[in-house]
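Heads up, there are several structures right after this.
Presented sequentially are two complexes of subunit A, the first with subunit B as partner and the second with subunit C.
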Partner chain A sequence: MFSQAKRRKLSEWFTAYVFLAPWFFILFVFVLFSIGWAFYLSFTDYNLFSPPKWVGLSQYIRVLRDRDFLQRALPNTLQYVAVVVPIQTFISLIIAFALDQNIRFRRFFRTAFYVPSVTSSVVISLIFVWLFSKVGIINQIFHLKIDWLNSPTYALPTIMMVNIWSTIGTMMLIFLAALQDIPLTLYEAAQIDGANRFQILRYVTIPALRPAIFFVVTMGVIGCFQVFDQIYVMTAGGPLGSTTTIAYLIYKWAFGSTNIQMGRASAVAFILSLMILVVVLIQRRIIEREE
Partner chain B sequence: MYRKAFALMALLVVAGLVLTACAPQTVTVTVPVKETVPVPVEKTVVVPQERATVRLSGWAANPQETALLESLLYRFSLENPDIIVKYEPITGDYWQAIKTLVGAGEEPDIYYMDIFQFPFFAKEGVLLPLDDLMAATGTSRDAFIPDLINAFTYEGETYGIPKDFNTLALFFNKDLFDQAGLAYPTDDWTWDDLKAAAQQLSQPDKNIYGMGVPADPGRFPIFVFQNGGRIMTEDFSDTLLDSPEVAEAARFYTGFYFDKSGALPSDVGEGWQGTAFGKGNFAMVYEGGWLIPYLNQQFPDLKYGAVLPPKGPKGYGNLIFTVAYVISKNSKNPEAAWKVIEFLTNEASQTTVLESGFALPSRASLINNPYFESHPESAAIFQGANGATPFMWGLYGSDVNEKMGQALERIYLEGQDPEASFQQAAQELREIMGK
Partner chain C sequence: MTTMARTMPRRDIFAFWDRIKMPLFYGVLILWTLISVFPFWVSVVYSLKPVANSYAPPYLWPIPFTLENYRTVLTQFELFPRWLLNSTVVAIAVMLIRTLFCAMGGYAFARLRFPGKDLLFTLTLFTMMVPGQVTLIPQFLIIGPGVIRNLTIAGVEIPTGFGLLNNLGALILPSIVDAFGLFMMTQFYKSIPTELEEAALVDGLGRFGIFFRIVLPISQTALLTLALFTFQGTWNSFMWPLIVLRSPENFTLPIGLQWFKGEYYTLYSIVLAGSIFNSLPIIIIFFLFQRYFIRSVAVTGLKEA
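After this line comes the complex of A and B, so read on.
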């Protein structure tokens, strides 16, 4: 026999799980099962129509030898992450500092900087396709004749710019919230101790922002490793594969091909998540060491 | 609390059972005669004959084309009350959607099949061979343009009935020709005439170019055919992109760009050369029948004409873009599905399609339709099918297209020699094909 208290506890558990059931259903079917199934598929040859055929590690080996992956998708993605993440973090931090001061039209600027983040990335991409076309406004303003999106040299940097421009709003918002969370007493104490503005920034503000910085950089790294929609809309991986990223390659092999390679696409997807995991772990190690 | 949840679930299950149990049938009902003694009486309830449901999916290219198909299906429903056709157009990425549906075994009974995608579906055996159904209703393969029906034939069996097609024609801007004092192109033009005209029409300082020469694998191959070359071997097991015929064709094609008698659409700030043609930036472009309704709508004042693509050193060559209706192997009502396809591709329906101006019908007999006399541009595209090659490169079609496009881009953007560029394309393609 259960005691009264134990029975009540059990019933509470049960109630809790009934409430959690819808979420569990979604988690198991659309997340865990899908991940597990994709992991299984990465060891098979699968074209959607015929049943998957077990091929062991050969999809992974094939990917790691593939020209498109090694010479285009991998270096393009790493370059993209290495350029976009630091710049977008830095710019959004600066803007957040500026908008944290008592300046005129502060509210207007906050809204203006945030607008790109609530706009559809497809719409933004289309607008930038016009801005950066050979006869577009950018070329007219600067008297250039560059065909930005059709040049292997400029296409990827152009997409980087679009992404930086459209993400700094959200990141600025996170920094702004974190800045306003810093207790004023800390600043006052620092001033009493005779710290100048730079010292306050270096020894009070930035350490207090560390969790926000970690969050922003992590989200930035994940988002950049997975960059897809801007590329799909603006260049479709071209010209000459100069904007083919890992996520785009996954799409191409899984759906954009007359000869579907689900197994290979799944293998790339797992290589990509492993890369993200490693980078985020290293980054956390660095931040922890600083503390 | 959770008891209520269970009760609710049980209720839903019961409701489901009740809802699925309603089907028309002959039933025995007990009719009370007088007020006291119930006497069983046999009573037949008249129910309509079992109606077959057929699902039909295609992409929705534009509202007008959808309306056209819907009106044909309405006509079908009047003649065939025993068949319900459910039209389920797919918006967005059609191939991604349809491949996923086929993979799950949930595909519609009838769906659109582009010739470019056909080899994969045929090889995987997910389509129903139509020959027996055709024989049962006396539909002959000969009624259709041979190149079209042959394209949808795999290992001797017919898998698709072409619904319409397109070829490429040389569209030209009459005003620009008049300004340059040049005679309009004719069906007898050759590469030399094309080159000479393009050079005379070009005024790069005014952003006007003689011809559009995009790095497009859906345009360039006709120059290869006109030069006696091929993109793939006969059985599609290997590529011929490294053959001298291809390199020569590429040299001629990209030459327009280098001597400024032609340009890429992006040079004039457009994504598609059709727009550049409409705006008067390009005096000539190779495009298909889809350009006609676009121009009529967006550039109603433009004066233009269209003729067969000029002949190359080895004569005539063109591409055929075609789409067929296919029946899924999983279809539960293949006979009903076939009736729908037969109706949609019969002479009356195909005449309606032709007169709507959206697509060219696949029936050979319509060549004498008076529509062509009043629409010479459409006539050029219809006649273009003679001696043309279907736009299909086998199982690795998308890879062939990608490598061909990149080979042209290397020539344009990096100034690589055409021969070396296409050799690289062939080599990369063979790597993908596992050679």
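After this line comes the complex of A and C, so read on.
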């Protein structure tokens, strides 16, 4: 009935759909349907035990008036992103730059720097809770008496530091790969044109790194906006809400308290996505304009 | 530096820079090595000290030395070996299943022609940009109690959730394949030559046969890279297990350790000894397969660039 070519084409279709069947299941059930259902829930009042009740935009309005969101989660998260992203990008760039020189033991250094990035956030948090406790080693070494994680002033900066420390390995590797990808001929050409070292850095190295910088900053922004594990383990959002972030608030409202607010938590999740999107777009504008 | 810049001619600045450059770079690298390693080093040291010395100097060497904390963790807490087992089972299961499914899907996207391919691929890329918090609540409902409670059609109750709460299956099912791995494998299959497959096609081998007998064996590097990346992510994952696991005997190691900390806060050497069981395996795997980990980071970097 079918021609050989037609049969081959149909069998190729069939193979493709079979190979992609697991992904269809995940994509449609766990991703696309979930996004849609979360969007629906964000317009409802839903406590898991009675069916969702349609309330229109009032969850969004309530979130934007909520004290925990407005005075704690939002400023804390923005502050977190604004401090952590530039510092982690800058330090990892410096380290990658140093590693890209004619360095001995490069493999050793690279390995040492990457170890914090393969370790779980929980273990890292547990170690730092201990290091930074009031009677901990850090206070002993520096002769301090700061109760880092129980102080509204120091708790968030401490968590920021832990995050910077643990993410630099990955970012450094991305920069190092980008630096090593810059063709030598580019440097040679610049030298022949009489460019000095500063000009080479300014007009060859930095422009060539731009895609990597964009990628690292984007990754950093997304990661920081969603910071959760360290907060949960180290401070549980306290003291006095000083480390409550947006992602932590979503968890708390949806799962972490007796007063379950899945509708409101969904509304916050969409507000968070919008914020991430806006920041990433602005950042892309800035990096592109530099060109 | 600024005063120097004003008083020195340019050439001298560069000469000066050339002199201090290498010591400066080595200084930066050694300093950061110390900063990276110090927390791990002291945590190992203190896990080898008695609990009474949980905060006592010396910092850098286990004096007095004891293995008591490790013995306590493994024998006094009957749940601890269970957590280790749970974590291992889940991480290995997800690693094997996801690597296979990502390879299959990636091959389909890279090589096969079928209707709707471009749209599906775009959707796949799009899903990578959606923050996990958005899908978290519905995923919890789907895995557990159901999206709609007591949905009955014509008198028959239709389940809308998998009822897997507090079950390790809840950690495996949503992770059987993911957009990132699919994308990575698609890029990989696009980058390798097609001659071998074409020859096999001419010889009359079907697409299934080609994939399993020819393509999979030559994708070892990419498969291993993805497998290690997946293992690391699953082994370390925290938020999702925290939400779907309820009773201590079903915990994975990170959840167990967090719970542990609450119970034994004052006996921190024991918590540190427990932590080693979570960090050591992944660090050993990293040392053994460093090349692949570094590749996986480079591949992540490539996707945007």
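Convention: the second predicted complex is superposed on the first by the 274 of 291 C-alpha atoms of A that agree within 3 Å, B and C clash if a C-alpha of one lies under 4 Å from a C-alpha of the other, contacts with A are read in each partner's own complex, and residues count from 1 in each chain.
We adopt the following convention: a contact is a pair of C-beta atoms (placed from the backbone, for glycine too) under 8 Å apart; a residue touches a chain by one contact, two chains touch by 3 or more.
What you are looking at is a predicted structure, and each value in this text was computed from that prediction instead of being measured.
Student: Please work out whether A:48 is in contact with subunit B alone, subunit C alone, both, or neither, and reply first, second, both or neither.
Tutor: both
Student: Would you mind checking which one, subunit B or subunit C, touches more residues on subunit A?
Tutor: After superposition, C is the partner touching more of subunit A.
Student: Just to be sure I read the superposition right, which of the two partners does A:161 touch: subunit B = first, subunit C = second, or both, or neither?
Tutor: So A:161 meets neither subunit B nor subunit C here.
Student: I'd like to know which partner A:147 touches here: subunit B for first, subunit C for second, both or neither.
Tutor: A:147 sits against subunit B, while subunit C stays out of touch.
Student: Just subunit B (first), just subunit C (second), both, or neither: which does A:211 touch?
Tutor: second
Student: Answer with first, second, both or neither: which of subunit B and subunit C does A:135 touch in the superposed model?
Tutor: both
Student: Check whether A:37 is in contact with subunit B, with subunit C, with both or with neither, and answer first, second, both or neither.
Tutor: Only subunit C is touched by A:37; subunit B is not.
Student: Taking the superposition on A as described, I'd like to know which of subunit B and subunit C A:272 touches: first, second, both or neither.
Tutor: In the superposition, A:272 touches subunit C alone.
Student: Identify the partner contact of A:63: answer first if only subunit B is touched, second if only subunit C is, both if each is, neither if none is.
Tutor: neither
Student: Touching A:255 in the superposition: subunit B (first), subunit C (second), both, neither?
Tutor: both
Student: Per the definitions at the top, what is the overlap between the subunit A residues touching subunit B and those touching subunit C?
Tutor: 15, 48, 129, 133, 135-136, 255
Student: Subunit A touches which residues of subunit B in the complex?
Tutor: 1-2, 5, 93, 95-96, 99-100, 102-103, 116-117, 119-121, 124, 126, 207, 264, 266-271, 395-399, 405-406, 409-410, 413-414, 428, 431
Student: Which positions of subunit A touch subunit C when the two form their complex?
Tutor: Residue list for subunit A touching subunit C: 9, 11-13, 15-17, 19-20, 22-23, 25-27, 29-35, 37-38, 41, 48, 51, 91, 94-95, 97-99, 101, 103, 109-116, 118-124, 126-131, 133, 135-137, 140-141, 165, 168-170, 173-174, 177-178, 196-197, 211-212, 214-215, 218, 222, 225-226, 228-229, 232-233, 247, 250-251, 254-255, 262, 265-266, 268-270, 272-273, 276.
Student: Within their complex, state which residues of subunit A touch subunit B.
Tutor: Within the complex, subunit A touches subunit B at residues 14-15, 18, 47-50, 67, 129, 133-136, 147, 149-152, 238-241, 255-260.
Student: So in the complex, the part of subunit C that touches subunit A is made up of which residues?
Tutor: Touching subunit A from subunit C are residues 10, 14, 17, 21-22, 25-26, 28-29, 32-33, 35-37, 39-40, 42-43, 46, 54-55, 57, 59, 101, 104-105, 107-109, 112-115, 117, 120, 123-124, 127, 130-142, 145, 147-149, 174, 176-179, 182, 206-208, 211, 232, 235-236, 238-239, 242-243, 254-255, 257-258, 261, 268, 271-272, 275, 278-279, 282-283, 286-287, 290, 293-294, 297-298, 300-301, 304-305.
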